[in-house]
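Two complexes come next, and they have one chain in common, chain A, joined by chain B in the first and chain C in the second.
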Partner chain A sequence: MLLRKKIQYGRPGSAILDADAAGMRPENLVEVRNLQTHFFTDRGIVKAVDGVSFAVPKGKTIGIVGESGSGKSITARSLMSLIDPPGRIVSGEILLERQDGQIVDIARLDPFGSEIRAIRGADIALIFQEPMAALSPVHTIGNQIIEMIQIHEDLDDKAARDKAIDMLRRVDMPKAEQRIDAYTFELSGGMRQRAMIAMALACRPRLVIADEPTTALDVTTQATILDLLRELQSRDEMSVMFITHDLGVVAEIADEVAVMYLGRVVERGPVDDIFEQPMHPYTRALIRSIPKLGVRGRHRLEAISGMVPHPSNRPQGCPFHDRCPEFMPGVCDRIVPPLEKIGERRDVSCLLHSDVEALKAASEQETTSDE
Partner chain B sequence: MSETTPQTAMAGTTEPTLDTDELLRLESLCVHFPIYKGLLRRHAGDVRAVDDVHLSVKKGEVLGLVGESGCGKTTTGRSIVRILKPTSGKILYQEEHGKVVDLAQLNDRQLFKYRADIRMVFQDPFSSLNPRLTVGDIIGEVLEIQGWRKSDINDRVRYLLEKVGLRPEYVGRFPHAFSGGERQRIGIARSLATNPRLVVADESVSALDVSIQAQTINLLQDLQEEFGLTYLFVAHDLSVVEHISDRVAVMYVGKIVEVADKDSLFGSPKHPYTEALLHSVPKPDPKRRRLGTVPKLKGEVADPANPPRGCYFHPRCPYAQDKCRVERPALRALPGGRQVACHFAEELDLEGIPAVE
Partner chain C sequence: MLTYIVRRVLYMIPTVFLISVVAFIVINLPPGDYLTSMVAMQMEEGDAAAAQAQAERLRVRYGLGEPVIVQYWRWISGIVLRGDFGHSFEWRRPVSSLIWTRLALTFVLSLTTTMFIWIVAIPIGIYSAVKQYSIGDYVATTVGFIGLAIPNFLLALIFMYIGFSVFGQNVGGLYSPQYIGEPWTIDKILNMLTHLWIPVVVLGTAGTAGLIRTMRANLLDELRKPYVVTARSKGLTERRVIMKYPVRIAMNFFVSAQSNILVSLISGATIVSVVLNLPTTGPLLLGALMAQDMYLAATFILLLSTLNVISTLISDIVLAWLDPRIRYS
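Here is the complex of A and B:
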């Protein structure tokens, strides 16, 4: 306890904001603005999330795509304020509209405080990739769902159990009345994932964060889980933030897409635009590099050269410049591209789409004023 | 061992024969894992991981082997490289000069020379490399066992590293200094060290990131062309399999349900399971998601220790009829060199994936 008093948890300033002052657009449930989550390790600062901005629209699905090390999972955990030391949210805002219309900045909440605990599970729920890591092996799935319900709602044991059975039915768990007393080892991979989804949805959250929920599943099971998520979403009008590395899954489920690379959003927009008119060279390269079903005949894939650098060894300027086919020497390796708005709900972070001269002038001014 | 060449061996004799263009043929291959129960370790049954599999691999082709987890595709691959000893059945392998041997019958000493011919690339680039050996030792170990001279091994390792796109100077480094994609390249270099004729690639690109996966697939294709390799490409990702394979075999609960050349299998599947698999794959094109007309598969993969009666797929099959519930369909030949294990392959009009530009 002594230790906890010494460390300043959460960031100063009030977490509860006035709706007008926050400037949130009414169609958005969550707005993430310039989020930075860094890890202070012995070997230096790892900027896992370094200036991420995106919005989660109400009742829609946003797909967050990126390779490993792009910071997509850390972004998701930041939204729940679940960053383990030595990591910390350093700056930025995570604005959430709560059920009662109040706007809260999650980035400013104490990660151990009662406010965030009231939000976790009730407003925002998380579905993990590996159900065995998220579910307890020594409790029945029913007990875990009931515990979750009773934390957030004032229900007696009987009512909570009925609600848990109802949740299991809603995720199409076969024989829900019996399976509620099953342990995780008695269930198949697809059923475990269903149990976890039931638990996540038990308190009717407004936002579900699904972190690679189908990556460990077979394609046939994946297809049914994706269908289920889509169905539940349209019925309950919840928002889903779907994190994946699989462009096929994103095309299947997302309404909007944010593409991440090395802790930054490089491109964002409606799913059709992202796949039909990708503006960022990384998005273009990513879409071209995957084998597509239906393309016959022998050909080579257009692979992206090189590999994702380690976040502690981030290149100067645009993080993608050393792998980019449209690299402009003297520009891309000097200037960090800002996220530019290029259309309705459409942003891209690439100097091909920015006013390079203005940025150059601005950065020179900054360096002279620093001196 | 028989001295008879396959060309002269007569049908009906016990001498194994293979067609001249065949490299490997599995005949009634079974791999069963016994289940023991109770205090007395009573034999309570078998997990039929691979059950009566017939499959032939032609020289110089890439044969894709697909199926859901637990279908026996990995076990099949592992018994071909003889990490596992099959319970019964034959693994007929045709040597370079035409002699045919049954690898399933050989003991470790007899297998020694074939270990150089049939090699494996593993899925996990982290657990498949010994962290205490340098890259040079990892790749060179097999050459040392096969009796190469030290100086030759050194040259060979450097040559292989260059071939897989790594710098020969890295020969003294340990695996931890490499990324996942680079480690997989080391694994590929190791598999090629002995100039193998058949490489079993078990989910070799599944653990890699999208951009690294494309590089690795290209590398595997280049190496195949350069060295005239034959691949058995075991994978669950159908788009990767379609990209790399010449022919594709589909497995379900330990059995092959369909074999065909890539274009026919993906364009016009003949087995309902193949159709369901193809339409479960998410397409990286938001426009095509609205076109899904094939119903998604319900239910779970059958338990290989306790499979259903009749066709193993019938509880999930949308086209199942009474015959399917009692009679198990055998893998039979269809026109065009394809094989399918379905009673109604001719009658059903199944939907494939249309070719796109």
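Here is the complex of A and C:
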């Protein structure tokens, strides 16, 4: 974990790019291009993230949805270069526009270097699923929030503490002046998550990644935490990457959606387009499985048949083909569907929307030229 | 925190009381009256009248021949009220004149060994966990296994041999022969320190190996916890992440593993002390037990057990200080 071996991350070259060379669109804060993060385990390579592309628009919320195991969390950690061995970012680009307008490729930074440490917490911050486990059990929440502030800002103890109390007030922590000295085991689940959010937002990051931040909470607390995140997001004009397996939550909070399946983004677009005109069979199945209002409990109206395969035995061709109701034999199990642009900020990765003949010809050419 | 400490100290009192009862009863279990055989022995040497007189004094003072409960009461009240631990029949001297220097040396030896174990085991344990599967980790693990496997007395003999043949040092005892019986001077203390390292290393090796494994295993568990990722995601340096969070929490396990370290050290020290000819409590206790020298044996058992109870108390207090979850419960 601490091996400081100089591994070459991503492609060689400088991680700092000028805006023109990067070709980033000005409305985006982050552009992820063909990201691949693999785990080199004893039992083989686990391609947890295998060609993910999406963009995070400035000051907006993008929802990342997908079933458990589709690579959402690993994508999120890749954005902060927080992949533990035996995993690492294998290829792709993660372009970030920093506060000063400079563009960096996070995939090329040394994960232990000072550049990425200056980005963590200050430009991008993380909110985790289970605040009890994600916060230290033997330090007060104040200690942990103040630490975050003092890493990135030159404040003395008193000023940092005042700022931490102020942050706790902003996340509606009741009795913030006293709770700052509380340990996590003294707080309720909702209050813990508020403390985690206060810590993440303490240095006014431009992007907050929330990895299933409400999954561990009861339904009422879920709703208040979602409201809080939405409110803070619009007040501070920050971007939010909201990860969830629940399309219902996405409909509530997101401006754009990226749907992930087995380490790839299979469809992406503005939230209304995705819900009104889902193009990928997997997205359609997910939407059909949202419990309708009035239906009690977690009962799924129409579950998606089959199971998500493990990334270590990824199916040939389209990764979804063994569960797809529109499976085309001889096509979907042969050709890997590319991510096709089908509109403004709208992509889909399904052979129903690709020029299959052209792809066939291209792949045949590749195999003959290999021989 | 204060109430916690007070509560723990109060719990200690009945524990020590029970230990004293058990120690006294166990010592009294074997049949035979040491006093009688002592008188017989002294009479053979001549001085019959004096022996009879002294035996009579002791009999009255400690209630010998009366029920065990009376004997116990005489003994324990003597300790509490007058600091009188009884009489050693074997050495023909009051127990209190025999024990204190030995107890102090045992304490110094155990404390030094504990320090040695910590200073060696903590950094190596951290290194092994953080650099899991590195060459350094394999070396530490292998050496640790060997350290655990070699019996202490063998290690003691090996070190004596090395000390003698390499450093030309007479390594038996805690100080060179010319200091025996001399008052404590700076020279004597320095001389003791040059002798101390062998028993410390011998006694500490197994404990060090064990604690390296404890530290490594616990830290490996902690390193995988989500709060470590959170700490990294703030932009902390890797060293700070590791030292402030997982190491701090792994120390809790480490401290609780210390609560019975004195027990194992003292029992381990006995054999090593015999081999190395150290004037600690071990050999004396062993001799007292074999000779049925009841007051001496009971006193040692009582004092060593009390030392243990106190060390458990200290480790519990440190643990509460480290871990708010214990402090607040």
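By our rule, the second predicted complex is superposed on the first by the 353 of 371 C-alpha atoms of A that agree within 3 Å, B and C clash if a C-alpha of one lies under 4 Å from a C-alpha of the other, contacts with A are read in each partner's own complex, and residues count from 1 in each chain.
Here is the rule we use: a residue touches a chain if its C-beta (ideal position, glycine included) is under 8 Å from a C-beta of that chain, and two chains touch if they have at least 3 such contacts.
These figures come from a predicted structure and were not determined experimentally.
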item	value
Combined model on chain A where chain B meets chain C, clash or fit	fit
Chain B versus chain C as contact partner of A:Ser68, first or second or both or neither	first
Greater residue coverage of chain A in the superposed arrangement, chain B or chain C	B
Partner chain(s) touched by A:Ala285 [first = chain B, second = chain C, both, neither]	first
Contacts of A:Glu252 with chain B and chain C, given as first, second, both or neither	first
Contacts of A:Glu186 with chain B and chain C, given as first, second, both or neither	second
Touching partner for A:Val308 - first (chain B), second (chain C), both, neither	first
Contacts of A:Thr220 with chain B and chain C, given as first, second, both or neither	first
Least Cα gap, in Å, left between chain B and chain C after the two complexes are fitted on chain A	8
Intersection of chain A interface sets (partners chain B, chain C)	none
Contact set on chain A toward chain B in their complex	67-68, 188, 190-191, 218-224, 226-227, 245-252, 271-272, 275, 285-287, 289-296, 298, 300-305, 307-308
In the complex, chain A residues that touch chain C	1-3, 77, 80, 82, 112, 117-122, 125-126, 128, 130, 133-139, 147-148, 151-152, 183, 185-186, 199
Residues of chain B touching chain A in the complex	68-69, 179, 181, 209-215, 217-218, 221, 236, 238-240, 242-244, 262-263, 266-267, 276-289, 296-298, 300-301, 353-357
List of chain C residues in touch with chain A within their complex	130-132, 134, 223, 225-227, 229-238, 242, 244-245, 248-249, 252, 322-325, 328
